[in-house]
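Same chain, two partners: subunit A is paired with subunit B first, then with subunit C.
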Partner chain A sequence: MTFTSFEFLLFFPVVVLLYNIIPQKLRVWYLLVVSYVFYAFMQPVYLVLLAAVTGITYGFTRWMGATDDDDKKKRIMIWGIILVLLPLFFFKYYNFVNESITALLTAIGFHTAIPKISWMLPVGISFYTFMSIGYLVDVNNEEVEVETNIGSVGLFLSFFPYILSGPIERAGNMFPQLKKMPTSQPSDLTAGLKLMLWGYFMKLCVADRLGIYVDAVFNNFVNHNGTTLAFATLLYPIQVYADLGGYSLLAIGAARCMGLKIIPNFNRPFFATSMSELWRRWHMSFINWLTDYIYTPLSFALRSWKIWGIVCALMLTFLVSGIWHGAAITSIVWGLVQGVYLSLEALLQKKRSSMESKHNLNKKWWYILICCVVVYLLFAFSQIFGRCATLSDAWIVIRKIFNVRGSLFEEVTTYGWFSILILFVKDFRDEFFPNQFRLFESSHIVIRFISYAVIAFLIVSIGVLDGGQFIYFQF
Partner chain B sequence: MKNEWLKLLVKVLVFCVLLISIDFGYGKICRYMEERSTVHNPTSFTAEYTMWHVNEDVLIIGASEAQHSYVSKILADNLGMSVYNCGEDGQFFYYQNAMVNGILDRYCPKLIIWSVNPSFLSFNPLAKERIGALKPFADENAYCRDMLRIKSKYEPLKIKSSCYVYNSDILPFVVSSISNPVTDNNWGWVPSNSKASPPEIKEAKYVNETDETCLSIFDLTLSRLKKNNIDVVFVFTPSYETGVYDTLDSYHSLLNTTNKYGYPIIEDLYHHDTLMDSTLYRDNMHLNKEGAVLFTTMLTEKLNYK
Partner chain C sequence: MERELIIEKLTSIFHDVFGDNSIVLRDDMTAADVENWDSLTHMLMITKVEEVFGIKFKLKELNKLKMVGDLITIIESKLQ
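The block that comes next holds the complex of A and B.
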């Protein structure tokens, strides 16, 4: 069962209704059971893994809470992190490391065969593992109190709106809410349903519509010319944004219907005027996680290296980001390319700032537009490594883009363009005119209702209703 | 608080009424344009034309290989009967059975030429995925409704929404409705041109296992055809492939079922020496225009012989 399945449309209202009917003190356990049932619809066998990570997280945080010795606490944290990382390593990275070692040994003359595993990657493992690590570190840093209710820890890691694709929640945000388990208010329901409506539009009308074209081109890149590949490369970031951004809104909206507030994940990333700004707007929960648990400690540790310490911290942080995104060289290269972009930006920051303030460029629309376009192009280029299966495939795509001209493979339907236009107009309004031309938030009930109805109508009439999975399910 | 909930409930009800009204109105508009488009441009709306309008003596049923390979005019000239090619690109077992049954609800053609392959009765995920093409007919055709259940148990519920039934259809309807009528001089046959380079021969991918659901659907369709005294000829349409299929379970199931009702299968044109020429093909699965003319001529001899 996924958010876009018909089963979910039947499941969700029942869950919300029962949540509000049952006594407050039972709600944590109720949602825990619901979340496990939701997960079981996808991969029942891997519930064991989820329960094990929950048990380890709970046990180790309680152990940390029981000691006053900082060193001992740190040691417990490290062992906790190692233990929760083991399943992630085993399921996601074992084969990659195995193949790399085998290739290395073969290259130096040793022929050996280490057995491979062919088990399916547990859905959401990267997300709940990172949430667990975040909680362990927060407890060690005394940023959150140790949660004594195992039900709350279980629900924090498995809450059905975000278990499959995030946002990567933080203990500091969730545990206080899980203690209260508020009853839904009418305003929560309307706010949640609005977010879900827009999430469905982004996923079904934009992401899945573009996915048809992007998949057709990238899955058969050998037979497409550079013009078509360049065009698909330009569309791919929009597809990912609409896919993960749409999923995130569905997750945030679903939680909001139960009065729970999940952290946001996207903030109109394509209006960013620099790569660092883009990464403050794109997959925010993940980037904030990386910033708090990797980048900040690293840059602090390397502060004596000054700007080069920041560069090293950026490169290492985005190396981890690349590894998190996939057990493949392409993902690592993708992460390193982001690191290079951000490092160059950090190195040139002073010059750029002084030029901008000297000519007052930040207020000029054409400068903002140029910056947005450049950032988009750089990001789209880097996404080639995220989309291609191997480095050689990515290289062929890049070479074709710059060398092989031809006519465009025109298969993006009018529905696709229309949906992108609506998404762009909405994001543009939210970015530059947040208090004007309101539709969903209009004070006029007729305008509000018509705008809901139009979006609902578009979802069912032009959305791709038999579309694929969410892109981030694979992570 | 109670008042707020009451207000919300009223708003939700009003919104639902609004949505249902839009859905109903949209359904009516789409249905009108669908009928208009079918009359204006039958070859672009093959499913609708087959289900509602076709009335020829001889019908060709099949997927894209049928659509491109059977020249209706050659068959009509040789058989002395009117012919229409109902082949539809990318539509396989379930669709074809639904169409045959839909036609039988309206009239009885004299002969059906049904393009199949040795794995016709095995499970094809694409065929299941594309059952959705039958949505517009589900309202009035119980057979299509039953077929849609194969796709998902929720389909009968989903098709209550016209927006769902006509999902992504509005633009083709609008374009066809406002454009000038197109006369179909080829009676459903869609000639396909050769590509720059002819295809290279490849190994056919057959599926051994018979799908029991397909087998029972097929058996029911054939019994209905037999009951209506309609002649049916199954033809293995040529493909530029190699491969042995006579050991396949799915092939034997097909053979047994057609034998049960006394319907012949013409197999010898499938990998016929004359037709194993790459210049006659657009790709491995589809004959080009010249190939289609040659194959149909050869087929008429077989049909005359029979």
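The block that comes next holds the complex of A and C.
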């Protein structure tokens, strides 16, 4: 069951209704059962894995809470992290490591055949594993209290709005809310449903419509010229933004309908004027997780190297980011390209700042526009490695973009352009005129309801309603 | 070292690292109030603070810093 399936439209209102009817003290357990049922609709067998990671997380954090010895606490944390990482490694990286070692051994003359595994990747495993690690580290750093209710730990790791594709939640945000489990207020329901409506628009009208074109081009890149490949490359970041951004809004909105506030994931990324700003606006829950648990400890450990310590920490952090995205060389290259962008930016930061303040550039619209365009182009280029299956495919696409001209394969429909335009106008308004031209938030009830009706009508009339998957389910 | 002297030295570190000589430190100031104060420049600032004051931070202490006032207090406690 996904958010765009017909079953979810029946499932969700019943879940919210029952949540508000049952006594407050049973709500954690109720949502835990609901979340497990939701997961079981997709992969019942892997519930065992989710329950095991929950058991390990609960047991190890309780164990850490029972000791005052900092070194012992740290050792328990490290063993906890290793144990919760084992299933992720086994299901996601085993084949990749296996094939790499086999290829290496073959290259030096040894022929071995270590058996492959061909089980499906458990959905959401990268997300709940990272949430578990975050909680273990937070307990070690004394940033959160140890949660003694196993139901709360279970729900924190499995909450159905975010288990499949994030946002990657934090113990510090969720546990205080799970203690209260408030009754939904009318304001929660309206705020949640508005977010969900916009999330459906982003997913069904923008992401899936662009997906038809981008998939048609990239899945058959050999037969397309450089002009078409360049065009598809430019559209792909918008598709991913609308897909994961749309999913995130559906998750945040669904939780909000039950009075729970989960962390944001996107903040109009394409208005970023630098790569580092883009990464503060794009997949924020993931990048904040990396910053807190990988980048900060690394840059702290390497701080005596000054700026070069920062560069090393950045490269290693984005290497992890690439590996998280997929067990493939393309994902690793994708991560390294981001690391190179950010490292160059860090090295040039002082010069850029002094030039900007000298000429007061940050206030000039044309400078902001140029920066946004350059950042977008750099990001779109890097996404070629995220979209192509192999490094040689990505290399062919890049070579064609720069060498092979031709006429454009024109298949993006008027509906697609119209949807992108609406998304752009909405984000533009939110970025530069947040208190003007309000529609969903208008003080006039008529304007509000007309806006809801128009977006709902667009979803039904031009959305791609085939129950398609979300891009980030594969991670 | 007196708090005023710490603030004076810290101000000059902020001016240098964040490239803005108009920064005036306040206890409740956070990264959101200072342009260019991000996760990259943060560690450069921390390294400079360690150098200038001759102290060493622990990662746990850094994780607990929420605002400039916290930083001043921790420097003060380390110098005593």
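Following the convention adopted for this analysis, the second predicted complex is superposed on the first by the 474 of 475 C-alpha atoms of A that agree within 3 Å, B and C clash if a C-alpha of one lies under 4 Å from a C-alpha of the other, contacts with A are read in each partner's own complex, and residues count from 1 in each chain.
As a convention for this text, a contact is a pair of C-beta atoms (placed from the backbone, for glycine too) under 8 Å apart; a residue touches a chain by one contact, two chains touch by 3 or more.
The structure presented is a predicted model; accordingly, all values stated were derived computationally and were not measured.
*Asks:* Will subunit C clash with subunit B on subunit A after the two structures are superposed, or do they fit?
*Replies:* Once both complexes are aligned on subunit A, subunit B and subunit C fit side by side.
*Asks:* Just subunit B (first), just subunit C (second), both, or neither: which does A:T227 touch?
*Replies:* neither
*Asks:* Pick one for A:F6: touches subunit B only (first), subunit C only (second), both, or neither.
*Replies:* Only subunit B; A:F6 stays clear of subunit C.
*Asks:* Name the contact category of A:Q43: first (subunit B only), second (subunit C only), both, or neither.
*Replies:* Neither subunit B nor subunit C is touched by A:Q43.
*Asks:* After lining up the shared chain so the two structures overlap, which partner does A:E143 touch, if you call subunit B first and subunit C second: first, second, both or neither?
*Replies:* In the superposed model, A:E143 contacts subunit C only, not subunit B.
*Asks:* With subunit A's C-alpha centre as vertex, what's the angle to subunit B and subunit C, nearest 10 degrees?
*Replies:* Once the structures are overlaid on A, subunit A sees subunit B and subunit C at 160 degrees.
*Asks:* Have a look at where A:L189 lands relative to subunit B and subunit C in the superposition and call it first, second, both or neither.
*Replies:* first
*Asks:* Just subunit B (first), just subunit C (second), both, or neither: which does A:N95 touch?
*Replies:* neither
*Asks:* Between subunit B (first) and subunit C (second), which does A:S461 come into contact with in this model arrangement: first, second, both, or neither?
*Replies:* In the superposition, A:S461 contacts subunit B only.
*Asks:* A:T414 in the overlay: touching subunit B, subunit C, both, or neither? Say first, second, both or neither.
*Replies:* In the superposed model, A:T414 contacts subunit B only, not subunit C.
*Asks:* Check the superposed model and tell me the shortest C-alpha distance between subunit B and subunit C, rounded to whole Å.
*Replies:* 37
*Asks:* Residue numbers of subunit C touching subunit A in their complex, please.
*Replies:* Answer in residue numbers: 19-20, 36, 38-41, 43-44, 46-47, 50, 59-60, 62-64.
*Asks:* Residues of subunit A touching subunit B in their complex?
*Replies:* Residues of subunit A touching subunit B: 6-7, 185-186, 189-190, 413-415, 445, 449, 452-453, 456-457, 460-466.
*Asks:* Would you mind writing out the residues of subunit B in touch with subunit A in their complex?
*Replies:* Interface residues on the subunit B side: 4-5, 7-8, 11, 14-15, 18-19, 22-23, 26, 129, 132, 152, 154, 157-158, 161, 163-164, 166-168, 170-171.
*Asks:* If we count contacts the way the header does, which residues on subunit A are in touch with subunit C in the complex?
*Replies:* It is residues 141-143, 276, 280, 291-292, 295-297, 299-300, 303-304, 306-307, 309-310, 313-314, 342, 346, 349-350, 353-354, 357 of subunit A that touch subunit C.
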